[in-house]
Structure formats: structure tokens, C-alpha cells
Amino acid sequence: MLGKREPKLYGKQTLADIEKSCAVHGKKLGLKLVFFQSNSEGELIDRLHAAVKDAAGVIINAGALTHTSVALLDALSILKCPVIEVHLSNIYRREKFRQHSYVSGAATGVICGLGAEGYLLALTAMKTLLKN
Amino acid sequence: MLGKREPKLYGKQTLADIEKSCAVHGKKLGLKLVFFQSNSEGELIDRLHAAVKDAAGVIINAGALTHTSVALLDALSILKCPVIEVHLSNIYRREKFRQHSYVSGAATGVICGLGAEGYLLALTAMKTLLKN
Amino acid sequence: MLGKREPKLYGKQTLADIEKSCAVHGKKLGLKLVFFQSNSEGELIDRLHAAVKDAAGVIINAGALTHTSVALLDALSILKCPVIEVHLSNIYRREKFRQHSYVSGAATGVICGLGAEGYLLALTAMKTLLKN
Amino acid sequence: MLGKREPKLYGKQTLADIEKSCAVHGKKLGLKLVFFQSNSEGELIDRLHAAVKDAAGVIINAGALTHTSVALLDALSILKCPVIEVHLSNIYRREKFRQHSYVSGAATGVICGLGAEGYLLALTAMKTLLKN
Amino acid sequence: MLGKREPKLYGKQTLADIEKSCAVHGKKLGLKLVFFQSNSEGELIDRLHAAVKDAAGVIINAGALTHTSVALLDALSILKCPVIEVHLSNIYRREKFRQHSYVSGAATGVICGLGAEGYLLALTAMKTLLKN
Amino acid sequence: MLGKREPKLYGKQTLADIEKSCAVHGKKLGLKLVFFQSNSEGELIDRLHAAVKDAAGVIINAGALTHTSVALLDALSILKCPVIEVHLSNIYRREKFRQHSYVSGAATGVICGLGAEGYLLALTAMKTLLKN
Amino acid sequence: MLGKREPKLYGKQTLADIEKSCAVHGKKLGLKLVFFQSNSEGELIDRLHAAVKDAAGVIINAGALTHTSVALLDALSILKCPVIEVHLSNIYRREKFRQHSYVSGAATGVICGLGAEGYLLALTAMKTLLKN
Amino acid sequence: MLGKREPKLYGKQTLADIEKSCAVHGKKLGLKLVFFQSNSEGELIDRLHAAVKDAAGVIINAGALTHTSVALLDALSILKCPVIEVHLSNIYRREKFRQHSYVSGAATGVICGLGAEGYLLALTAMKTLLKN
Amino acid sequence: MLGKREPKLYGKQTLADIEKSCAVHGKKLGLKLVFFQSNSEGELIDRLHAAVKDAAGVIINAGALTHTSVALLDALSILKCPVIEVHLSNIYRREKFRQHSYVSGAATGVICGLGAEGYLLALTAMKTLLKN
Amino acid sequence: MLGKREPKLYGKQTLADIEKSCAVHGKKLGLKLVFFQSNSEGELIDRLHAAVKDAAGVIINAGALTHTSVALLDALSILKCPVIEVHLSNIYRREKFRQHSYVSGAATGVICGLGAEGYLLALTAMKTLLKN
Amino acid sequence: MLGKREPKLYGKQTLADIEKSCAVHGKKLGLKLVFFQSNSEGELIDRLHAAVKDAAGVIINAGALTHTSVALLDALSILKCPVIEVHLSNIYRREKFRQHSYVSGAATGVICGLGAEGYLLALTAMKTLLKN
Amino acid sequence: MLGKREPKLYGKQTLADIEKSCAVHGKKLGLKLVFFQSNSEGELIDRLHAAVKDAAGVIINAGALTHTSVALLDALSILKCPVIEVHLSNIYRREKFRQHSYVSGAATGVICGLGAEGYLLALTAMKTLLKN
């Protein structure tokens, strides 16, 4: 799971809090989670390239890169597994330039505006997608 | 819950199936659900106006009206309760005119592309929103 | 007179209050008023089609349909009588999509941003238009 | 056949006249016609949904909704039978906003600008399409 | 009150006629009117700057400057009193470049398309605004 | 009749087949047909200029020039006789740049998406237009 | 004749030189010329308003106001006499914002890019226009 | 001189009339004229390529190709002699697509809206340009 | 130095205060300052034309004209001395129409958002530019 | 091979020089070349239609028609053989209207900005494409 | 202070020269400076995140990232201290894509076009901002 | 040579295969090659900065950064040596956002759509460019 924006700005929980609830929820669902966070587009892409081999599903919050990175879209497009895009805030109520997501072009589904719980919902949805 | 598009096109479940799983899931969460479906913008708006008094939260899939109805945006804006927008398909991978949602302008959060399960996730999220 | 948006949002008076002051003001001007309110575009159009025969003038607040309904423009264009468009708020200071009115394309004049009094001013103007 | 705009504006024949000539022409072609007219988008959609079961072909003049209704596009897209779009006037010589048709996105063919005869031509074309 | 366009073009009354009916109507309403007319944007702005001190309300018809003058918008924005924008013709039925008004960005309300009577309606509305 | 695009791409019939069915249908309608085909805009224009004198009506399929040739629009605008625009495919479901037709700006009517039969329908319509 | 831009920038002749050659050429043509130059939009408009009474034709180089002044367009539109727009440089080869002229919307003809001689050509053309 | 549009539409004179007055005026100016008219872009380009060698100046009315032909722009750009663009009508008061000229991108000057006299003015201007 | 907008809106200092601090700072730098303020575009242009002769550098805050005046751009383009554009507020965080400056097209540099101190910084920068 | 623009403008070699080096290089590669050059869109299309039968591959430099000709795109789209688009200059560093190529929509590959050598590279690439 | 573009291109001083003058000027102002330079968006963001704790003010020249990086905007938006954006060249006179700055959306002020001195001016302005 | 996208997606050869054929072809041409691959924009820019000193020519495939990175454009613009842009696929037949390349703004030439052979062609072209 890739998380890039500061949760302080977007809810009361810290990134550590979110990772912890995800870990707990993932365990309940029988999913093994690996967390990854970086401010570097290159590192995110390297991580996604690695995911081709080591991931059954990807949950991604690409932060501001969501709106500008064609390279992320390309890295996600190589993946054959399900991809769920998460945003803490509802990007479709924000500035115009935040209302377009390159990530969506390669995502199975999108969950946004539901805060930290968005990650838990994504895990639940991923579980279902992996069952089908 | 307002649902307007044919689930046959967007997944294997019928609207009745979705309503049933929602009812089951809602019961588990302790939420009392009321379903509403109409092809008429006017009826949807009338229902939303009624929701000002009789609803603690609204989960809405406005189908094609999502992209064209300022009137729905206005009806949703009057509501003070949480609103979750659901789409069976990922509208952000579809035609350009489907990538803008007037509903989002009044929604707390958006869940799309995750099929019928999107409604169940929305119920879970609503439960959390109502607790806070 | 067609009114579609909630006056609670746009001023202190209820729709009933506005209808009452209109009735009083209309009486003073010697105008016979018929009120019509609906959230359905189809019903508004049916009403306007009827107006071809039963109305000497139309004062219309088409609410959110103002910005999206070519069908309303067509229904108004059939009328040969004066048409005055009223909005409680100044739509030209609001979101970009509220700054275009299809109704204006068929209206003699527009009054907006002057709250409930806008209807009274419209009645006064209508009186003058009918005299000429 | 769905017809929504006033033929008075767009030719000398009334809607009844057009229905009559269509009936005569349809009979000659061995086609059984059902007419439907409404100013309500919802009712048109309900009728098109019913057409999935009861129609071998659809000839539609969606009037002003042509230019604004994604919901009509979606309702037509569900149909597997041929769809012919008819307009009395040549919409491609009119205002810019009338030069885009959502209906065309789901139509086999388009006939416009040929007045009431457009319906008869559509019937002839439908006959051919049903033969192939 | 600032008036800038030729009424000859936009109705039968001369500017003098309009001023006279305004004076009569203003007297009836108990309002003291000061007229100002200029073809110079700079003079209009100087007058509006003076209005900060000497006016309880402003009724403005900025003519063609309506569509081009950010400076007028800024001068009006400084005012704390009500501002009513008047146009003799319905600018929203005219050329595209006349359908945007910088003046509206600072106006309480807009009255257009009702000819010289628009000024009288504006005076009536101003009276009400000043009472509240 | 001007035809420019390859029917192989747009239906099973060759241009010769189409010309033959047109000839048969034209004979039945009592219309005398002259066929003209060219890949040169200049030759098409020369032919249309000649049509001012020798044609009672024009049925034109301008192929790709439909979308780019202001010169064709001008040549058609000189004609006082009816003009019917035909396209084998439904150009309004194709690439964006094919959804604008300069030819439509001078056409009485448009028939598209109905394959080779479109020409026959155009002949029928032309017969009616010439009778009126 | 209204001239507003510096000829030094746009050719070797000074404004005085141009006025002189215009006077000479006007005399030859039997035209009586009145020159007017101002950097103020308001003064130009006042002058054009006066022209309604005192001019048989107007030759105008509105300089940079060409591209921004709707007020000039309106002032020119009141005139019933011929109006010829002159520019020293070819504005259609310059920056995009110089390629739109509000003045053209009210001009009989345009002459640009031919330097100071443009004024003489305009005088010749005006002579012809006044003869017809 | 290349002329492509029908003068009948744009003035009382025929192309022959214009050629005749041009010949007379050219003789007076001491200019030797060669006329060329074609509806084919390719022929116009071939003629312009020849002009590299045989012309001291070019006066061109490219008709509708003005607005669409980059190839004409390129052919004119090769020329080192003066180029004057002429239009019988004022293209800047017509449809939007007629307000852009590729020809202008390679023209010394533009004369439009002054009818057949535009050609004579162009000859006069050309004489001056060739003297400098 | 040209200053046009009200400093009251954009900082605590009055225009007089700013002029005073500029005078003090200019003296320290050994620069002789001349202040000019006007709400008239024409007067500003006249002043800039005079600056061709009497100024070694220009510091300009063109207020709202910044965004609309091509004439100011032209007047500034004639100057050969350095030009520094100052804005009290950061115009690039404001409404879209304030984010384009015609003045910038002729300015050496821009300082904005730093309040009244922007003028002092501009004086310092001007001193350096004049030294080089 | 179709070549339409003047090589003099775009490199030191003449069209003849290019044809000669192409012939030499083609011989080395074992390719049989046929050259074709025309300024007429119609002739180019006729040639491309013939290529359906007589060509194993097409190398095309459509000059200015690249940017405007949908008809060329259609003619190229019929071809099943490889198509390589060549431009002497780098069109993507030139005017905006030269940065869109209709030809690219039907081309296997594009080579531009490498001068006359671009044709040789295209021949080499064609050889490889024909081998696969 | 973040500096990313090559000063060689934008003035005679090297980055080292600029750092040195900044150090000298900062010392004079009593400001303690920390320099940071990187070509990696991720590193710049990491540095800005650190600035939340260790900086009283930020002076940033984001080079080309200015125009593309929403992530930088977000990183700057977290800061509560003053932010001054500096560019060596006047970006508002350059290509269109350089005329939009995401950095400005979070900057207190902007200084551009004044070369290396821009940094010194920024330091002076920062000193003042920190005093208030 | 900078290569950033996965060759698996864009042809049968791996990046290693391409490097090997490039090495072989480069050797034949007498060129010494240095390969560089990174998913980080910053590292690519650092490498290009180094190329100012250590490269006689640059062949670059910037992958998805092609479409978004002004920083790459700037880094390439500093280079005085030839730059050839290569893409495995024909980017001009893909999504709209892939049809603009910032890299092209600084490239001598572009080769795209010719798969891995594009690199070999680029080497051949580079050899020629270095000879001139």
C-alpha cells in the first residue's frame, strides 16, 4: 500500500495509526499487507514494478502525483492484479486540477472522501476481488 | 438508497439481489434501510427533499443523472446528513462526459468501480460516519 | 408562476409567504395569478405548453433546471407572451455552471439576486409589458 | 416511436397527422407501430426499458433531451435492436448546443431536416434493417 | 446612478426621460437621487470611489464596460452599500461576449431586458434593501 | 450525386452497386440521375458550380472533405435547390473530428448510418422536396 | 479620422506626416477631413457619438483598444455611415490577442499591414463608398 | 492574381468585370498583370510556386481555402515578393471559422470588405511596395 | 511610479504612506522619484509616453488595468528603460482573470504579494538595473 | 514515396537529390521504389488508392496536408501495408497547427526533424517491417 | 532556500555566487540561511516537510517543477511560515506553459525577472515579514 | 542513451536485447555508447546535466515523463549537441495526453512507432548529424 499525503491534514489519524488499523483489518481478512511510502515518483514506480511479481492486489493513494503522473498510470497499467485508488478527502469537491486522476485510468475502483476508513474499505473490497 | 442504473449491465447481480445483500448487511450494522428507485429526476428530488426529515444518511447512485443534474446537486446540498455516492463501474475510466459528477459536489465520499459491493462498503462507511 | 427552489435557502420567506405577497401585489396591479411548482421538468413543460392558451405572461424561476434544460428553453420559445426570469440569488456571482441560463434565451427580462422581492418586481414589470 | 417536440413549429403537420401517415406507411411495410409521446425524461426511459422486451426496432425523436440526456443514451444503449434517430429540423444548422446529440451515441442511423417525411424514411430504413 | 448606453437604441425614452421618471419614482419612495453619466471608465471609477462616502446605494448600468472592466468590479467591490446592476436589453440573449458581466461580481442583484422600467424597479428594490 | 468514400469499408455494396440501385430507384420515382465521383475538392466544386444550372436537387456524400472543406460549404450555399447530405456510417458515433460537417451548414437534410440505403432514402426525400 | 498608435513604431512617417498626406489626398478626392487623436477610450467614444451628426464616413485606427473595447464597437454601431478600419501593421500576423478586433464587428472594410498608405487607400475607398 | 470566389455573391461585378477594371488600373500604374483562377488548391499552389520566378508581387483572394489551407500558407511563405490578401466581404464580421486566415500568416497586408474595389486598392498598394 | 489600487484594501498603509517611504528609500538609493496616480487608462498612457523622454526607469502598479489593457502593454513596450511591475497582493492566488497580466509582457521583472514593501524592493532592484 | 514540400526550405538537397539517394539506398536494401509528388490532395489520394494493389509499403511526407487532410487519413487507413510518415523538419517544435498530424493516425511510425536522411532511415525501417 | 535551475542560463552568476551573496546579505539582515538544491521533486518535498519544524521562512525557486508539481504545492501548503517564490527570468513573458505556477498557490509573494538580485530582495522581504 | 519504459510492453525485445543491438550497431558506426536507465526524473536530469560535458549526442526515450516534464525539456535545452527522441510506440496514435511531448521542444529529430529498431535508426542518424 502506497500512502503519500500527510494524514494530519486529512483526518485525525497519523500514518502510523492508519497502518496499524490496516494491519489489524488485513489480519482479520486473511490478507498479508506490505506498506510503502515515498515522496519520490521514481521510488513509487520502482515499487509498483516490483509489485508485478510480489503483489496480489494494490491499494494506492498517490497523493498529489495522482493528478500529474502519467508514469504512475503506466506503472499501474502493467499490473494484472486489482488496483484500488484511495483518497482521504473527496478530490471531486476540490480545485479543478485535483478532479482529474491519472491513477483512475488504471484502477479497478476508487474510494475517496471517507478518511482513514477508506483504506479499510479498500481492504474489504480487495478481499472480495481476490475471491472472484 | 437511490439506485437508478441496470445492475445487469454493471455486474451479475440484479437490483433485487443488491437490495437483499444491503438489507442483510444493514441489519448487521444496525442500520434501518429504505430503498428508492426511479427514472424520474423529479421523483428523486422529491425523495431527497423528504430525506431532510426522515434520513440520517443518504447513499445515492444517480446513474446518468450524475453527470447532468444540477437539480440533484441542489437537492443533496440541502441535506445536513452524510451523503455517499456509489457507482457500480469506475466512471473515471469511461467517456469524458461521465467523468464529471454533480453529485460529488455534495457528497461526503465516493465509492466507484467496485460493483455491487460498493453499496455494502458505503453502508459500512455510513455506520462509521454516523458514529462520529 | 413557476418556482422550484427552496426559499429557505435563499431568503427568510417560505414559498407560501412569497405566494401570499405575490397574490397581494398581483391584486393591487389587477393581475390574476396562477401558481405552479414542481420538481419535474416534464410537468413544468406540460404547464408551459398549457400556458400557450391560458396565460398572458409568464414569470419563471426554473431553479437548477435553468442551467441544464434545453427542453424548458423550447417550451418557453413557443410562448408569444412576455416571459420574466426570476432568481432569488444572484446567479452571476455563483459557480460557473450557474452563470449560464437556457431560460434567458427565451426571456424578455431577468431579475436576480433581489430575493423574494424579485417576484414582486417581476409582477410590476409584467403589468407594464402587458400595457404596451 | 417517441416524439417530443411540437410539429407545429417544425412543419405543417400535427403530431396526429404524422402518426396517421406513419400508421399508413407502416402498414404498407408490414410493420406494427406503437406510438409514445411524453415530456418526461423518466417516462421516456421507462418506455425504452420496456422496449427491451416488446420492440424489434426503435425510431426516436427525443426533442430537446437529445442534447442533454445521458440517461436516454444509457436507456438506448441497453437495446439490442436497431435505433433510428429522427429530427424534423436539421439540427446541424442550428445553435451550437443543438449540434451535439447523446442519442446519436446509441443510434444506428440519423435522419434530420426532412420534416415529417423523416419518420416515413425511418420506417423504410427500419424495414430494411430488420430484414438483414 | 450611473448610466452609460444610449437609450435611443434600447427603448423609446431618452436618457433625460429616464432621469425624469427616476426622479419622480425616487421622490415617491423617499430616495434622494444623484445622476452621473460618462463615457470614461476613469470618471466612472472616480465617481464610485466618491460613492464610498456619499451614497447609501448604487444603481449602475455600465454599458459596454460591463463586459471588459475589471477596474469597475474593483471600484464596486470597495462599496459596502447595496449595488443593483441594470441593463435596458437582456444581455443574456445577445453576443457571447455580452453574456459575462464583471459588474455582476460585485452586485447585489441584476435587472435586465425590461427597458427603462428596469431603473424604476431597481429604485423600488433599493428602497427595500435599505430598509432591511 | 457525389460519392467519395469506399463502400467496401462502409457496407457490402460497391460504388457500382449503389449507383445501380439508385438508378433503379430514381427511375421508379421519375427522377433523372447524374452520378459524379472524384477525390479532388476542386473537381467537386466545379461540378457543384455546374449544378447551379443543371440540377434540380443535389445528394452529396463528401466523404472526408465533409469535415474540412469550407470551399464545399460555399459551393453548396450558392445552390438554391434542395441538398441532401448522405453518409454510409453514422459519423456522429465516430472520432470527434468527424462529428462536425461543413456540408450540413448548407444541407436541407442529413441521412447517415443507414448504409447504401441512405442514398435511396435521399432520393425518396428529394422527390418529396421537389413536389412541394 | 481617429489614430491612436505611434507611427514611429510602425513606419518611418510621423503622425503629422500621415495627416499631411491624408490632407493632400483627401483634397484631391474632394473629401473634407477632420483628424482626431486620443489615448482615452472615453474621448474616442465621445468623438464617435458626435460623428453621428457631423460625419459622412469614419476611418478609424483604434490601436490597442481595437482588441479590448466593446464600448468602441457600440459607438461605431450607432453610426449609419461607412466605417473603414485601418492598421499600420498586419495584426493578423501578430500575437493571438491582436488577431481579434471588436472594431471589425462594425466596420464596412478593413485595411491593414500597408503602413501609412493604408490611410490613403481608406480615403480612396471611402470616396467610392460615398458615391454609391 | 488568384481569385476563387464568385463575385456575384459578393458584389454586382462579375469576375470578368473585376479583371477588366484591374487591367485598366494596372495599366495606369504601369503594372503588368497576370490573372489566375482555379477551384483546385493544388493548381493554386503550382501557380504560386511558379510565381517565385515570374512575379514581382502577388495579390491573392483564396476564397474559402483562406481558412483551411496550410499548404497555401507554405506556398506563399516561399515567395520573397510582397503579398496582398484581398477579400470582397469583411471576413471578420462573418462566421467564426471565417475569421482566421492562413493566408494572412504570409501576407504583407490585408484588404477586406471593400468589394471589387479592394483589388484596385491592392494594385495601388502593390505599386508603392514595389517602389520602396 | 504609477499606483492605481487602494492600499487600504491591500495593506495598512495609505497611498501617502507608501509614497513617503518610497521617497525616503529612493533618496537613500540616490534615485529621484516622480509619483503619478490616475484611474484613467488614457492618462496613464499619456504619462508613459512622456516617460520615453523623462524617465530612466518605471515602476508600475496598473491595478485592474493590468489584466485588460493592451494599450498599457503597447505604451510600456515603447520604453527602452527597465520596467518593474508591482502588485500589493499575490495576483497569482486570486481569481483566474487576475492571473494574466498584459503589463508583464513588457516588464523586466515582477514583484507581487509583498505589500507596500514591494515598492521599496522595486526601487532597490531598479537601482541595480540602472547600474548595469 | 510521396514528397510534397520543397527540400530547398528544409535542407540543402533538392528533391532530385533525395530521390537519388533513396534509389541508391533502396537498391542496397533490395527494395523497389516508386516516387510520386503532387501538390494536389486528390492526386495523392488517387495514388494511395492505387497503392492498395501495387505497394508493399508506403513512405509519405504529406507536407502541409499532414495537418488538414482527413481525406489522406482515410486513404492511408485503407492500406494494410506498413506506412511510415516522414518530415524533413521537426514539426513538433513548430507552430501549434503543425503539431497535429492526421497522417500519424494511420502511420506505423514517424520520423521527423532528421532532414533528407529521414527518408533513408524510413527505407531501412520499412525493410525490417517487411521482413517481420 | 531551494534553487534548481542553472544560473548560467539566467544570468552571469553561478549558483555558488548567488549562495555567497545571499549569505552576505542574510548575515547583514540577521537571518540564518540554509541552502538546498536538488533535481529531485521527492527530495525537495522531503526538505519542505522538514521545514515545517526547522524554518521560519522559505524562499523557493522550483525551476521547471514550478509549472507541473502539485506535490510541491501541497508540501508548501503545510508550512505556516512565509514563502517567497523567486524566478531568475520573468516567467510571465515566456512560453504559455511557464506562465502558470503551482508554487504561487502557496506563496506569500513572488519576485521574478530580476536575476540573482531576486534572492536578495526576497531575503529583505522575508526579514520584514518575520518582523510583523 | 536514456530508456525508461518497459520494452516488454512495446515489442518482443527486453531492454538488455535493445542495449545489445545498440552496442553492436554503435560499434559498426564507430560510436561509443553509454546507457542510462532510471525511473527518477531527478536522476535523468542529473545525467543530462553531466552530458553537457561527456556527450557528443543524446538519444532519449523519456517514457511517460515525455508528456509531463518541463524539467526534462530544460535539461535538454542546455545541451548544444544533437538530441534524438525515440519512442517504441507511435505516441501520435495514442491517448490525447500522450500526443504532446515536452522533449520534442528540445529535440533535433523524433523517431517513433518503429519499435526497438528506432534506437538503431537514431544511432545511424546521430552518426550523420555528428559528421556535419
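Read from first to last, the chains carry the letters A, B, C, D, E, F, G, H, I, J, K and L; within each, the first residue is number 1.
What we mean here is this: contacts are C-beta pairs under 8 Å (C-beta built on N, C-alpha and C of every residue); 3 or more make two chains touch, one makes a residue touch a chain.
Just so we're clear, the structure is a prediction, and the values are computed from it rather than from any experiment.
Of all residue numbers used at the contact between subunit J and subunit L, over half are used by both chains, marking a mostly same-residue interface. Counted by residue number, the contact pairs of B-D are over half the same as those of F-J, the matching pair from F-J, J-L or C-E.
Subunit C has its Cα centroid 31 Å from the Cα centroid of subunit B. Rounded to a whole number, the gap between the C-alpha centres of subunit E and subunit J is 63 angstrom.
In this assembly, the C-alpha centroid of subunit C lies 62 Å from the C-alpha centroid of subunit J. Residue positions 40-43, 68 of subunit H each touch two or more of the other chains. By the touch rule above, subunit K contacts subunit A in their complex via residues 40-43, 45-46, 49, 68-71, 73-74, 78.
On the side of subunit J, the complex with subunit H involves touching residues 5-6, 9, 38-43, 63-65, 67-68, 97-98. On subunit C, the positions that touch subunit E within their shared complex are 84, 90, 92-93, 99-101, 104-105, 107-114, 117-118, 121, 124-125, 128-129.
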